[in-house]
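Next come two complexes built around chain A: one with chain B, the other with chain C.
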Partner chain A sequence: MKFALAVYGAPANSQATQSALHFARALVAQGHEIVRLFFYQDGVNTATAIAQPPQDESNLSEEWQQFVQAHNLDAVVCIAAALRRGVVGQAEAERYKLPGNNLRKGYELSGLGQLLDGALMADRLITFGA
Partner chain B sequence: MSTLHTTNKPGQALELCLRAVASGDSVLLIEDAVYELLSPVTRLNALPDGCSIYVLDIDAKARGVKVSEPFEAINYDRFVSLCVDNEKVLSWF
Partner chain C sequence: MSHSVCIISTRAPYSGQAAREALDTALVSASYDIETSLLLIGDGVYQLLKEQDAGQIPRKNHSAMLQVLPLYGIETIHVDQVSLDERGISPDALQEGVTIIAGDELPQFIQQHSRVFNF
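And then the complex of A and B:
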């Protein structure tokens, strides 16, 4: 079955990222297909490359990126939510003359339409709220 | 057509969720919603006929909440199966 996942919470202040990752791993283990990951609202913080949680805690951003890359997933980060929270790719950094960029490899910044598109493509859309 | 309702916090999210539950639907409590089991007066016991209430085992254990009848503790594999078995999945948060 085809699944799309939406994640609304950030690693630092919500369990959503962790719950979604557990769920995604169970999906893959059962042979289901993840057609779209959509990180929205505070969930965009999952895609930053420069957050460094304490070393005795799990690094969910790192774990998500490894999962996305290992399974070659279509991982979309809401561009409007990301820009206002300081999660930017190289193109946005140049366009807005920002001092750096921090979007992890494997993710793509795009619009909210990609969430709708994912919902239409998938048999099920599962949302992990903040 | 049955729906799986997931909710991740007690209070308003769960309250709104339970108002929308129809006969034959399933409810899954995840994250902080498992604290609802500690409530002496919970609306979980007053759902329509044929509704099942599941609790994500790992989240209940992490919070020291014991899951007992009529509630059923499940793992992520069962969570996935519930998503497959119900035609719709609604998240309340």
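And then the complex of A and C:
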């Protein structure tokens, strides 16, 4: 079955990111296809490269990135939601003259249309953190 | 296959960005020529209160943003009767262009859509 996953919660303030990762791993293990990951609302914080949780705690942003890259997933971060919350790529940093960029490799900043598109492509849209 | 989308918005208008970001999703969906419904449940019903003044927060007036929906072909906003009753909100307190759905009709309403987005 084809799945699209939408993540609305941030690693530091919601269980959504962790639950979504567990679910995504289970999908892959069972041979399902993940046609799109979409990070929206506070979920965009999952894609920041500069969060550093304590050493004895899990680093969900890093775990997500490894999962995305290992399975070559189509991982989209909503650009409007990300700009609002301080998650930017190099292009946005230059465009808005920001002092740095922090988008992890493996993610693409794009519009909300990618959430719609993903949901229409998939047999199921599963939302985490609504 | 032609799709229809139901956007369920469950948060109060100025509680974080959730209401705004649900509305944005509805507008994008409608702009793709997908038949789109916006359904307000739970604290989402507060989005419909008339005479909102968000200037002192300061935020954009959410009610005014909802009023652009007809321009995108979303002619009415659906709202859950039970959620209104639970909060003591009379239909008179709501802005125009609203359709109230009785609690026992809600599941059927949602099922009419091929995709449901929960915010």
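Just so we're on the same page, the second predicted complex is superposed on the first by the 129 of 130 C-alpha atoms of A that agree within 3 Å, B and C clash if a C-alpha of one lies under 4 Å from a C-alpha of the other, contacts with A are read in each partner's own complex, and residues count from 1 in each chain.
Just so we're on the same page, contacts are C-beta pairs under 8 Å (C-beta built on N, C-alpha and C of every residue); 3 or more make two chains touch, one makes a residue touch a chain.
Just so it is clear, the model here is predicted, and its values are computed rather than measured.
Of the two partner chains, neither chain B nor chain C is touched by A:Gln69. By the touch criterion defined above, A:Leu116 lies against chain C but remains apart from chain B after alignment on the C-alpha atoms of chain A.
Touch criterion met: A:Ile126 reaches chain B, while chain C stays clear of it. With both structures placed on the common chain, the touch criterion links A:His32 to chain B but leaves chain C unconnected.
Judged by the touch definition given at the top, the superposed model places A:Tyr8 against both chain B and chain C. Judged by the document's definition of touching, chain A residues 8, 125, 127, 130 lie at the interface with chain B and also at the interface with chain C. Residue ranges of chain C in contact with chain A, taken from their complex: 3, 5, 10, 17-18, 21, 24-25, 28-29, 32, 34, 115-119. Chain A makes touch with chain C in their complex at residues 6, 8, 40-41, 80-81, 84, 111-113, 115-116, 119-120, 125, 127, 130.
Listing the residues of chain B that touch chain A in their complex gives 6, 8, 13, 30-32, 58-59, 75-77, 79-81, 83-84, 89, 91-93. Residues 1, 3, 8, 15-16, 19, 22-23, 25-27, 29-30, 32, 124-130 of chain A are the ones touching chain B in the complex.
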